[in-house]
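Just below sit the structures, each encoded as structure tokens.
Here subunit A shows up in two complexes: once beside subunit B, once beside subunit C.
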Partner chain A sequence: MTGRADETTPVNSHAKIPFGFLRLVEGPQTMGRGWPFWTGFAIVILLAFLAPTYFGIRPYRVNEFIVSGFLAASLSILWGYAGILSLGQAAFFGVGGYVFGIIGINLFDATGNTHLALAGGILAPTVFAAFVGAIMFFARLKGVYIAILMLVLSLLLETFMLQTADPEVYRIGEALLGGANGLRPASDIPSVAFGWGEAVAEINGRREGFYYFALTLLIVVYLGLRMLLNSSFGYLLVAVREDPDRTETFGYDVRLIQLAVFCLSAALAGLAGSLDTARINRVDPELVFSVSANIMVVIWVAVGGRKDLTTAILGAITLEWLYLWLTTSGSPEYATLVMGGILVAAMLIAPEGVFVWIGNRLGRLFGRSRTPAAKAAEARQ
Partner chain B sequence: MTAPAAKTAAHGRPILEIRNVTKDFGGVRATDDLSLAIAPGELHCMIGPNGAGKSTFFKLLMGTIRPTKGEILFNGEDITRLPPHQRARRGLGIKFQNMQVYSELTVFQNFFIPLRRNHKPSAMPGLVADILDRIHLSGLEDELVRNLSHGQQQWLSIGMSIALEPKVLLLDEPAAGMGRDETQSTAEIIKSLNAEGMTIIVIEHDMEFIRNLSSRTSVLHLGALFAQGSYEEIETDDDVRKIYLGKV
Partner chain C sequence: MDAFTQIFGFAFQYLDSAAYLILAALGLSIIFGMMGVINMAHGELMMIGAYITAFCMYGGIPAPIAILLAGVGAGIAGMILERLIIRHFYKQLLSSLVVTWGLSMIISQVFLIMFGPNMPSLPTPFSDIKILVGGEVGFALVGAEGFARVTGETGRMPPGVESFGIYRLVMFAVAVLMVVAVWLLLRKTEFGARARATMDNPTMANALGISTPRIYAYTFGLGSALAGIAGGLFALTSAITPYFGAAYTARAFITVVVGGAAGVINGLVASVAALGGVQTILSNLFSVYIGFVGMIAAAFLILLVMPTGISGYMEKLRGRSR
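For the complex of A and B:
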């Protein structure tokens, strides 16, 4: 993109918002604006921070939901905003998770922190996405071909990683890839740790500390993405989704825009993968590269509402919570069936997403305008 | 001879020159050794029966497909191998045959994409109001494009192409699916843009519409240039009537 206009300039010229910060995070590409939304947002965040102390939630499990939020955000910007469906989003999640673990095993004892592991866990899938994306987008692949190619890529990674059990061959420094058992030695996979020397804060993935850390990071990433999506870059993503050929005739190299969002999406998925490996000190091929790992991401985002960041994240957290509740409430054998039923029902009743549907009604209640996509969805109904 | 045609003689170098362009799709020759020169400021119409290769010609000009043989020059530069976005940056604007608007965005937001490359967001409301005035859509900034009529969406699509400030504007069936009044308005929009100095090439089926534009006209048949001249010359050409108008 070579536009002369500032890439982060808010473009919602018609909005009249009093606070500078709100002006940056609000806009036509994201649902929710004005005091009703941000008051509700503040209350939800407050309750979330109080939850471990006052509502007795178990961080070990809830931490997983928060990590899912990052992964859902990564697919939402790619599929919902830029119109590129990937059925292999977990591939980047997995690459991030493995790289975090491999660097962590090798360097944690020496450095005492996981700065490089985290950076590697984000950078490796980004570089991988740049390579794969450049081939796909410059070959002008689109639609279902990209979706299938990404799923195949993830399954290839799974197949490869499953046959890496030989410790003599598949070893990177101290780290053994470990085949189906996953990265080893598992006891050496660190949690996230920041700082140098004596001043190191290690955050145990199964405790409250990780919950507060991941939740804070998710809020920061969420607000950052809202700024990006409401900038002119966000507009370009929607334009590419709506009509890539037309966008090209306006002088934009659509392939570069697609590649940029693909890399950003991979970076976010890599962050999610790194956090997940740190959370449970474990990463194995079935957990991160399998069909079910990939499809779950699509279900979260589709049910929540792919075309909006907030609804996609809410979809992931809610469905993960529901799935946990179903599997631990006496009839786990029905859990998957119920989840499938929810997907079908959601697609029939609220094809744009359950939370988009709810958001529209709340928006009407408070008389606030909604996303153009939501308005259009209503117009169709 | 119309006024724009007179400009052809006045200017030495054509703004757009198509030299012996051929395009084959497998065994089908969609464009056959086509040569054409468009002068700066000219309004040029292209007609021809279905399958004559009109839309293929525009796709070749815009770069969504590449010719099998021949070359295309824009302002003297060979653009034959350039991708569409590079051609757009050099000043080629197009409205393809199908509706090309972002239907899930508002009218104002539709203009953001073409305007963004050359203008700051703060300047956009004024620019959009100006363009909307020129395409008969004043005051519809905040309307969701999906709610506009078919004709209004066609005008919006033309307006979005104007927003690029193109040197040459390609319009593929700008009056398709419009009623008589809307067709008349579309012809007025095109003539006023041309009067402002914009070079415009129009593909159209509607002969009434072409008559209204009354400009130099090329007839395509089986991918090749069949005839060229003023509308009156074309209308009275017996061979053209045979292949296109179905009259003897």
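For the complex of A and C:
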């Protein structure tokens, strides 16, 4: 097919539809394109926004799933797109959560908002990732080593945080690290609050407000990441994943690309951690640094489909929902067992992810309806 | 405390942490060295060994036999896992990491559901026999009677005397024996020759009539059996819980990675010597936590200088001098 023919036969592409801006958020790096996907997307979003009012979902439960969506997205861009597996993704989540809490406790009374806390909760893990990542990537450590070193790092943080019960030593301003009990005083950990002076909107993490706020933010982040992944940076990430040596011969510094995506991923995880601390006004070492915190992230992304942003986020939300249902209707032990079983089964049966498999099926279903038109276009040439 | 007591105490701790690292890492290092797979369920295989040992000993079976049975049981469990699941992931290292992590989660949850959060603890063997060092005693190996005589009526140790349990030294001896046995197995037997051929060049080995899948299964079984034995030995000194193994996997992994895959046994020994030393010194000077952090930092530094581990580095040096 020549370039000219491409311009005059827009049947295969979707340039014909009047939503030209969609071209920014779709491309070969993300699943879902054209009207069928975006119509479905719009319907899902609409239903999600109506859900608290009409379908009786309880925000204090569901809010957690949305926060998980950010964390899943952070591992998806790192592992799925750039091919760097981290088994300790919750470490960045935890650092973000702790920093948000510490800054919030100290500054909330003075400023009345959590702008700085949120910025700190995103920046601190990014800087941390830049430091750790620089050492790991510039030493050209093997992927397997990076994966496990990140887990070890998270467990080190857990061990350290567990022994910070002494209020005399482990105190940062008003905030006490509090050992196994988590950051204290817990009543002073603020919810997310925006605005200045009188006009401050404080968003209670257990209510509908947080649900709408976090959902909107997730959609914005999702669309933003889709743009990024379909830009030349996204292509570079996939190039690094598929063949680092060849990418290097093209003149790119693979280590810098890896470091960049590592920091971006840490920033996203930090955002998730900050939101989570604000949601429940609590953060403790077991919740954010333990093996089970880390393995859950990997399960969401591996089962949902690591190589696509949409499937990874869907994986997090569905599996969190399932986990909650299993915990409340059965017991936590069985819920954890089922999660492990789902992971192993998915790795064997659908190694690319359950939602990727479903998405491909759906794509074929809707693709078929276009086939006659596409054939006509070919015939015209 | 005099100098001799201090030096003895130091050496004792060094042997203790070396034994700990060797036992935790030997099985993992064979599996990693032969197939390049990091088995995240390694700690859970140790846990299986610990449970088998515990059940055997509750039933009155003496400790050495119970520990051997633990090795057999964990070996069989490892071979089943390899055949059913792990063999599908030999070509995808990151996926094998994730899938074995999932397996570790399943195994520990099954044990938690079946046997509850903890088991009655086992008696430590040779707990009567102690080494006393320093003070007026000098140096003595005493049984229960001798110990009572030294402590006298007060039941307290005379000033300057330190006592050391002998089981730690037994563990070190067993660890050394296991390393020697594995070395002999890999170097002097036909299985060892086939295994090394498979490791070196699987396609060629297969062409020469070696069944590489079977070699992989046996090697995985061997690594798992060593994990089971280690778990049995550890079960006699610590609390037995379903999460028993998790503490060992990270340390074992670090030891193996620092050792490198080029020479399974010599790499492991060098790595244990280095990391055990760092851990002992830092734990003594500061705290156990700093000791662990220092060990990881040392591992990091070693990997920066020698990305293929100590054995890979030694091989490179040898290649250069040739």
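We adopt the following convention: the second predicted complex is superposed on the first by the 345 of 381 C-alpha atoms of A that agree within 3 Å, B and C clash if a C-alpha of one lies under 4 Å from a C-alpha of the other, contacts with A are read in each partner's own complex, and residues count from 1 in each chain.
Going forward, contacts are C-beta pairs under 8 Å (C-beta built on N, C-alpha and C of every residue); 3 or more make two chains touch, one makes a residue touch a chain.
This one's a predicted model, so the numbers in the text were calculated from it and none came from an experiment.
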Name the contact category of A:152: first (subunit B only), second (subunit C only), both, or neither. second
Determine, under the contact definition given at the top, whether A:243 touches first (subunit B), second (subunit C), both, or neither. first
Looking at A:204, would you say it contacts subunit B, subunit C, both, or neither? Reply first, second, both or neither. neither
So in the superposed three-chain picture, is A:340 touching just subunit B, just subunit C, both, or none of them (first/second/both/neither)? second
Between subunit B (first) and subunit C (second), which does A:327 come into contact with in this model arrangement: first, second, both, or neither? neither
Please work out whether A:28 is in contact with subunit B alone, subunit C alone, both, or neither, and reply first, second, both or neither. first
Just checking: does A:181 make contact with subunit B only, subunit C only, both, or neither of them? Give me first, second, both or neither. neither
Regarding the shared-chain residue A:235, is it in contact with subunit B (first), subunit C (second), both, or neither? first
Return first, second, both or neither, reflecting whether A:254 touches subunit B, subunit C, both chains, or no partner chain. first
Indicate the residue numbers of subunit A shared between its subunit B interface and its subunit C interface, in ascending order. none
If you look only at subunit B, which of its residues touch subunit A in the complex? 62, 64, 83-85, 88-89, 93-94, 96, 100-106, 108-109, 112-114, 116-122, 124-125, 141-142, 144, 146-147, 160-161, 164
Going by the contact rule at the top, pick out the subunit A residues touching subunit C in the complex. 79, 83, 85, 87, 135, 139-145, 147-149, 151-152, 155-156, 159-160, 163, 291, 295, 298-299, 302, 333-334, 336-337, 339-341, 343-344, 347-348, 351
For a test of understanding, state which residues of subunit A touch subunit B in their complex under the given definition. 2-6, 9-11, 13-14, 28, 232, 235-236, 238-239, 242-243, 245-254, 372-373, 375-376, 379
List the residues on subunit C that touch subunit A in their complex, please. 38, 85, 88-89, 93-95, 97-99, 101-103, 105-106, 109-110, 112-113, 246, 250, 253-254, 257, 289, 292-293, 296, 300, 303-304, 307
